[in-house]
Structure formats: C-alpha cells, structure tokens
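Quick one: the structure is below, questions incoming.
We call the chains A, B and C, going by the order they appear; numbering starts again at 1 in every chain.
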Amino acid sequence: MNAGLVLSRIWKEIRRSRSITICGGILVFIAALAVLGPLISPHSYLTTDFDGRFIEPTLNNFHIFGTDDLGRDLFVRTLMGGQITLLVAVIASFVSLVIGVAYGAVAGYVGGHIDAIMMRAVDALYALPFIFLVILLMVVFERNFLLIFVAIGAINWLDMARIVRGQTISLKQREFVDAAKLIGVPAWRIIFRHITPNLLGVVIVYVTLTIPQAILVESFLSFLGLGVQEPQTSLGALVNGGVRQMEQAPWMLLIPAVLLAVVLLCFNFLGDGLRDVFDPRQEAK
Amino acid sequence: MLRFALLRLLWAIPTLLLVIVLAFLMVHAAPGGPFDAERALPPEIEANIARAYHLDEALPQQFARYLGGVLRGDFGPSYRYRDYSVSELIGNAIPVSMKLGALAMALAVLVGISLGTLAALRQNSALDRLMMGLAMTGISIPVFVIAPLFILFFAVKLQWLPASWSGSTSAWRLLLPVVALALPQIAYIARLTRASMIEVLGSDFIRTARAQGLGTAAIIRYHAMKPAMLPVLSYMGPAIAAILTGSVVVEEIFGIPGVGQFFVRGALNRDYTLVLGIVIFYAALVILLNLIVDVLYGFLDPRIRHR
Amino acid sequence: MSLLEISGLSISYPGSAAVLDRLSFVIEKGESLGLVGESGSGKTQTALAIMGLLPTNARVAGGVVFDGTELLGQPERMLNLYRTRRMGIVFQDPMSALNPYVRIGAQLNRILLEHGLASDDEADSRSLEMLRLVGLPDVERQFRSYPHQLSGGMRQRVMIAAALIGKPDLLIADEPTTALDVTVQAQILGLLRGLRHEFNTALLLITHDLGVVAGNCERMIVLKDGKLIEEGMTPQIFAEPVHPVTRAMLAAARRSDFLARSHERTPKDQTPVLEIEGLAVSYAVPGERRSRKRLPAVQQLTMTIAPGETVALVGESGSGKTSLARAIVGLLPVQSGSMVLLGKPLTGRVESRPNALRRAVQMVFQDPVGSLNPAMRVDDIITEPLTVHEPDKIKANKDEVVAAMLRRVGLDDALKKRFPHELSGGQAQRVAIARALVLKPKILICDEAVAALDGSIRQDILELLRAEQQQSGLSLLFITHDLTTVRQISHRVLVMYLGRLCELADTESLFMRPKHPYTKALLDAVPIADPAIGIIVASDLGEAPSMLQPPSGCAFHPRCPYSISRCSEELPELQDFKKSSAACHRAAELAL
C-alpha cells in the first residue's frame, strides 16, 4: 500500500512531463505494432520468394517495407526483429534489475567489511571488458538464445548494484531510519516500509536506462552474427543483412536502422525524463 | 598517493588473472572441442592434432602451460591461420588498430569537452538545446548503424571518400572510420561535460570566484575546469571499452585489417586460440587503461590524494 | 555622498512572492551596519544584489548606487571593476565557499593577478602577508594546503583574507559565524572588528543573531518578509524597539536574561529515571578501518536524570554529545560503563532491548524533515509506533489517536494526509514530537531539536516541550550548542569537551558561577544582546584539537588560559561543589 502511494505520486509527476509522454507513447505504439503487425500482414517472416527479391517499399501486395535478398517480406521481418529485440532487452534488464537490486541493497544495508568486499568485487568486474567475454561465450556455446539474456543481464547489473547500494546507504543514514529503530520497528519492516519505497524512483529510472544498453548489446551481437540466428531475426541482425546489400537495396539497411535508433532514442529520453522527475543525485561513486 | 596507486595495481593483477581463467575455462568447456565443425577426421590424425595443441594433457597442466606462454607474450598457434601464431597475428594488427582507437578517443575527448562546455555556458539557449538533442541522438545510434550509413552517403552516393581501407591509399581513408567510432563518444562526453559543468558552475565556490571579480575565462580555467572534468575522467574507463568494442565493428565494416577484424573472423570461424588471445589482450588493455585513469583521478582530486 | 545607497530595491522570482520589497538604506564610509532578520527575510538576497550575484532568473528593480555609480543592470565586466577592489564578501559556509580543488595560496594569488594588484613575483608574498593578517597560524604550510585540510574557523579566516585582499571600501559578511562553534565565532567577530579599523572598511554584517549585532554594529536595520521594519542606531533600537516584530525578537534573544526555571523546584532529588555511570563510547574511524583506530567519543561519563527534569548537554561540535545520546538510545554500542533505566540495566543495541525499555526513551532529531520518511503520510508516521507495538488496538481507533496527538502538539487535523515535504520545518518537528510522545516515553532526548528552526518557531517548540513536561512528568535530555536555549529550558547543565564531562551544575549556578575554565570560555563567547554591555573580549582560544589525538592530561589544557604544568600531565578528577561539580585541577581556587 505504501509503495502504491509512492507510485501514484510519481504517476502524477510523470503525466506532467512532455518528453515522458511522447517517448512512452511512441514506445507503446512500436511494441503494439511489433506484436500485432505480423498477425495483420498477409506475409510470413519465413517465406522466401525468389521471384520477388529486392522489391522496393511499395503498397503493392502489402510489401510496405519491401523485400530482402531472399524475397522475404521486410515489414514482417522488421516487426519480428523488433519483437525479439524488445523481448531480449526487457528480460535482460529484468535479470540485471534482480541481481543489481539484491546485491546493492544487501551490500548497502549490511555495510562494514561485507560491503567493502562486495563493492571491491564490483569495482574489479567494472574493469573487465565483459562484452568480449560474452562474445567468447557465444562463440563457444553456439549462439544459445537463453545465454543472450543471461549474458546481457550479467553485464548490466553492475551499475544498478552501485546505484542501489549508494542509495541504500544514504537512506540508512537518514534520521527517519534511526527514528524507526527507536520506536521499535523491526528490521524487515524498516527495509520494506522505510527503505524500499524510497529506492523505487532510482530503480525505475535506471531500469529505463538499462533497457537501451541491453538493446545495444543484443543488436551488437546479432550484427556480428553471434546473437539471434536465422531464420529468427532481430534489429541488429537485420542491420547486418542490410549492410551487405546496402548498395543494391538501401531500404534493407535504412528501415531497421531507423527503427532501432528510434527505439533507443525513446528509451534514453524516457530515462532522462524520469530522472528529472525523481532527481536522484547520482551517488554511485 | 603512491600507496593508492600501488593498491590499484594490486587489484588489477587478480582481475586480469580472473579474466584469463574465465576465458580459458570457457573455451575448454566448449561442447565437442575446437575441431568439431570440420568433417570427421581419422582418429589417429585427431590424436595428432590433439597432441600438437596439448589437448591431451590434464586441464590444470594445459592452463599452466598457457599462462606461462601468455606471460611471455605467447598465445600459442592459431587454429585456423595455420602458419601464424596468435601473437604474430595480433602484433601485426596492433598498429592500425591503435591509430584508429587513439584518434577516435582524442577526437571524442576534444570535441566532446568543448561542445559540452559551450552548451553549459549557454545553458537553455537554442544552441544548447540543439546540441543536446543531437547528442542524445548520437548516443542512441549504434556505431554499426552510423558506419554503414557513412559509407552509403559519403562513399557510395557522394563518392567523396574511400569506402574501405583495403585498396585505398588516400590519406583520408581513416577519416570515416575514426569519425564513426568517435561520434557516440563525442555525444556522451558532451552530455557528461555539460551536466557536470552546470553543476560546478552552480556551486558556492564559483559564486565566491565571481564575487572576487574574476572573469568568465579565469573562472572556467582556474576554478571550474578541474572539478567539472572529474566525472568525465571517470567515464574514460567505460569510454575506452566502448571504443574497443566499436572498433571491432568499424574495422569489420570498413575492411581495416586490425585486431577487431581478426577478432570477428576468429569468432565466426571458431578460431579458439585466436579469440582467446584477443580477449586476453583486450582485457589487459582495458585493465591497464582503467588503472591509469584511476590513478589520474586520485591525482586530480585532492581529497583522495591526501587519504 | 554615501558609500552605498540602496533605494527601492525589490527582488522577485517567477512564480513566487517578492523576496525583497522596496528596501532602502545607506552605508556611510567606514561605518558598520547590521542587517538582521530571520531566514527568508531577504537578507542574503540583499547581499547578492549588491554584489551583482543574483541568479539570472531574478527580477530586480530599484537602485544600488556604489560611490555614485549605479551597479544594478551593469554587465559583469563592469561589476568586476568593483568586486575585490571596492567591495568584498564573506559567505556563511566557508567549506563550500572555497574551491576544494585549488590550494589556498593559488586561490588568493588568482584574485591578485586577475585584478593586476600584484605581479607574478609579488603575488605569493602579498597573499602570505594577507593570511598572516587574518591570524592564520603556520602560514607557509596553509598556503599550500587545500581547504579540506583546514578547520572551519581557519577556512573562514581564509575567506576573510580573500575578501579583504583588494583593500575594499565595503565588506559584506553574510552570517559569517553561523556555521562555526561559539568559541570560534567570538574569535572571527573579533578579527572582523580589528581588520575593519585597520583597513578603514565599511561593514555590512548580516545575521539572525541580535547578540552579534549588539557588539559589532553602530547602526542596524531589521528585515521581515522582505520589508524593512526598523532602522536606527543600535543602542536605541535595543532600548526602544518600535516594531512589534523587533520587540519579539529582542525578547526572545533576551529570554536568557531572566532565569525561567530557576524558581521551579528542581526535581533532582527523586529516584532518577536514568543513571549513567562511567560510560565510554567509541567508534571506528572511517577510512582507518585497517589500523583499528577507534575514536573515543565519550569517556568516563557519569550522570543522572530525575523524573520531570530537564538536563541540557552542551559542548562544541565534536564534544561527544550526540554520541552520548545515540549510546543511550542504543544506536551506538557502549564500550564500557553502565546505564540503568527505571531500575533495569540498559544494555545492547536498540534492536535487542526489551520493548518496555525501548519505549521509555525516545528521541527528536535535528533535521525535522529528514527524520520523517518522505514516503509516508503524517497520520501513518504518528501511528507507526502503535502499529508496531499494538497493531490490533490501533486499527480500530487510528483516527482518534491521530486527532488527539495532532491537537496535543498544536497541529491542525487537516495536515494528517500530508507528506513530510509538504510541511514547514516547525510543523515537521511537531509531527516528530508527536511520534515520540505517542509511546508515552519517560525520557525524551532532543538532539539539537530546535537548531534548524528560526527564533519564534524555536520558542514555540520549546514552549510545547515544557508544557508537555509539566503535564506528564517527562524527563528531557536537551542536546544543544546554544546557551540561550539552555538557559531557557534546563534545570541542570552538563558541559562536555572532547568526550569528557567538564562541569555538571544547576543552570543558575553554571551561568552565574562557572567552575570550569571551559564553561567560562563558552559563556564569554556568547554574544550578548545588549549594546550597553558591549563586548567581552574573549581570549583567543584557538580551535578544539582532534579527538583522534586528544591532548594529554586535561584535554582542555592547550586552550586553557589558566593551565599549569600539572594540567598537561594529570587527568583532573570531578570535584563536587555546592551546586555543581567540575573536572579541573584549579576549580577550587579560581574565581571565574
């Protein structure tokens, strides 16, 4: 109920911000299109058509985004790719959210030596070129789809952990937590009623900012041919395909590239707007 | 201060070791082993190959041998480029990659900081909004989208610049790759600089400096620059990693025979020793550069230095 | 022609009422003018307007004429000709006002170089000379130091040096001593007085503290909500204030002059609610975890509190008073010694204490808003203690409890659905008091509970606490650095220095016949709100040493004007006198 109150207050603020409304709206629209579009279109993302290769975007036969080098309909493929990209990003962000919040909150609340060790470990991991390890992982384990979630989540939890820890520590030192202890509030209730609701804002902001990061990683891997595999596709894989044919069929590059950029842009603006609403001073250091 | 630097160094060593162990184990946990993809070989040949690559030894032994090699700068032979050792391949590719990365980094830092400072000084002006809008766009467009678009427009459509490195002798052949690689970082650094500069300019000690009658140039130079640069400096670590990652794509797209291109080829061909070697090389590079950034940071912030 | 003429100065910001409303006053050459007002009265805005430092979104009207030249609306370039050379300013918080990334010497040199007041070769020596002038010890070393390496008082001296380095005609000091301890405040004020005469500089001294004005300003003006309400010679205003607000401020400042509680029967002879004996508290030093160095925050402390009694705990920052309070409530672990509450031993951290004991001691914190959970509404905050202890009972009659408590602390029932950030400081502190009182504690610890509040609101809260005490026989442990508050509210006073008890005395005898030289120094340092008495020139005590390296023997000896050789060797025992006890070797012989 307490978290509900906070959420309703936040909701009021959010509706006042224009960038949040616009970007949120665009993202909802894209997500809806990605889910519904393939159902509407007469084409399937798998069907190849050797007589209908490299058709430019046209209303004819509903190839509104054209077709690719195998004659597959790009409208459906782009939307399928968008679906996969968004799915991977959301799940991966959720993974990093769970790890990061749990790790950061524990380190921050317990404090002392345990905190010092846990944070040293994060510092050390921070210096690792994770992306290369992930690539190695992908090479070795044959582009396992599940692995992508885990790998991306494992990269992105570090930021979340640092931020949540910083916030937890500063909350823990606030006088209202002392006051709660004095009136006899038990530890679990302090965590759930006094600390967590006040963490909510920061977490929401950083999840929003983690999603574009995850999208970047996934599309990077797919672009290199190490992520999502044919005939499945994602925006990164589509861009990769587009690059190969860009002199002959520029739309194959431009359409997924623009969609990818728009999605990333919207998430970034959304995160920025949310940060302005909550204004958590970054205390990650 | 010296203690601080040494402590950081002490942390860097186990970190690097951890990477090597992780990477090594990953490769050796590969289902089927490195020669799986090829058509079935007669058992005696397979055994020969295994012996040649020391695959018949126990894992700890293999690791010790490998680590010993790494310490001497020897990453073993490449699985695919049969006549070359991994070290040779990396060594030959380093100069061009270095050039690309260093130029991109320098460009990103110079342009990013200048634009960010300018935007901060003209806060909320039309110029500021325009630049920040562009910066946001820059952050949101991945390198592997920018690079092909560059080729499409500047090389294919306008034919101003060569599209690929190989086959070109133009002095400008690095321009497109460097800019493509630097753009997202320029955007990021500009945003960061602007934010921290605005925060610093709003702080009490800047008000004091104004009350002392110092001009804007002096305030920026003697009072604001250093504190405003600290967040930018601590972003250098991630920036280096991003430039490295980006260089993989950029080299592939522009056909530059650098470390990144070998990395992609190696990854797609499942050339384990090559990929393993490059991962370790990159890790060492990132850790080393991070170490330098950390120490620099400690040097700039007196409150850390005097601890 | 006056040095500075302010005429019809108004300042407002988009979307809010005017912060300054047609303010006019003048400052003559060499004169010192006091500008007095509570927070939000517009006094800092005035200072910023004179210096041309208002934020860009400020709307300003009127005139600021300096030596015949209008400064309002002038470009930065033109203002820079006046700043430093004609006028300088000292801000309230010397920590944030000095650049933490630049050495002290470089900051001063930069001013000289920018204004062409010294060449590259001369700059160092000029800056050093200035630092010497403001009484900075060990000047050569401080010259190369960063601000965080200096103590608060030293930093403020550096600020003053920076403001006076161009030998300006006008020095503006905006609450220059508010962030400092009282003994340091006296030194800084003394320094300002001396330098003002030496440089023949006019002074605009901005403060909320009438005592500061009384000893330092010939003339004064009083601001209230952005309007000038009183103006005149300082002695005259103190003698015959015209405006009711001025009268109220003066009355509040002087309340220390009648002993509010001296005639009350002191209840200290009853069985104490709380007995503390030989208590020691220490904690790990941040950043020194490896060396296992512990900071001895409280040592060998013995005290009692009787039912219905108010004991004040006084000391400078770092004296250990807050650590003592936190140890009593169980937020800090006790190292040695014993505490007995209501006849039962009080041990362990708050989480492990039995409910009855935990409920018996409650605390009100310094930051009124920070001690309330920003995500909870007032009614939930007030009833949370009961929700935890008597969940079934409170569910049924929550509304009545909330209404009753709000009435008890003098708040309107309409506030019960507010969030903390929608409350004023005074209201928030009342909510915090209600939350503490709802458990019917025996002892209420107030840790600087009124320090963040303005004069009149502070009086209201003190009044509330006193009424509460009279009704329910509550004991109060009142932690404060403000001796005026002490005199108003407490029966007995406990003075601490570097973690040790210096003096424990009845309030009256402490103020009239202090037995410990440190108590005396504290009393002398308080500016007296009466220009007729003038200034008691406090001896230059320097600042408190670090607790990490407490001086040997009597910890006060490096600063004590009465110290003898024995003082640095032997720890003084607590000696009992008629109405007090003091830990000083010379307590018996000295007539302080």
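Structural remarks
Heads up, the rule we're going with is that contacts are C-beta pairs under 8 Å (C-beta built on N, C-alpha and C of every residue); 3 or more make two chains touch, one makes a residue touch a chain.
Since this is a predicted model, take the numbers as computed values, not measurements.
The touch graph of these protein chains is complete, with an edge between every pair of chains.
The pair with more inter-chain C-beta contacts, choosing from A-B and A-C, is A-B. In this assembly, the C-alpha centroid of subunit B lies 51 Å from the C-alpha centroid of subunit C.
Taking each chain's centre as the average of its CA atoms, subunit A and subunit B sit 22 Å apart. Averaged C-alpha coordinates give centres for subunit A and subunit C that are 48 Å from one another.
The residues of subunit B lying in touch with subunit A in their complex are 11-12, 14-15, 18-19, 22-23, 26-27, 29-31, 136-137, 139-142, 144-145, 148-149, 151-152, 156, 234, 237, 241, 244-245, 248-249, 252-253, 263-264, 267-268, 270, 272, 275-276, 278-279, 282-283, 286-287, 290-291.
Those residues of subunit B whose C-beta lies close enough to touch subunit C in the complex are 203-205, 207-216, 218, 222-223, 226-227, 300-303, 306-307. If you check the complex, the residues on subunit A that touch subunit B are 120, 123-124, 126-129, 131-133, 135-142, 212, 216, 219-220, 223-226, 236, 239-240, 242-243, 246-247, 250, 253, 257, 260-261, 264-265, 268-269, 272, 285.
On the subunit C side of its complex with subunit B, the touching residues are 51, 53, 76-77, 79-85, 88-89, 91, 93, 96-102, 106, 110-111, 114-115, 146, 148-149, 159, 162-163, 166, 287. By the touch criterion stated above, subunit A contacts subunit C in their complex at residues 2, 5-6, 9, 113, 116, 174-176, 178-187, 189, 193-194, 197-198.
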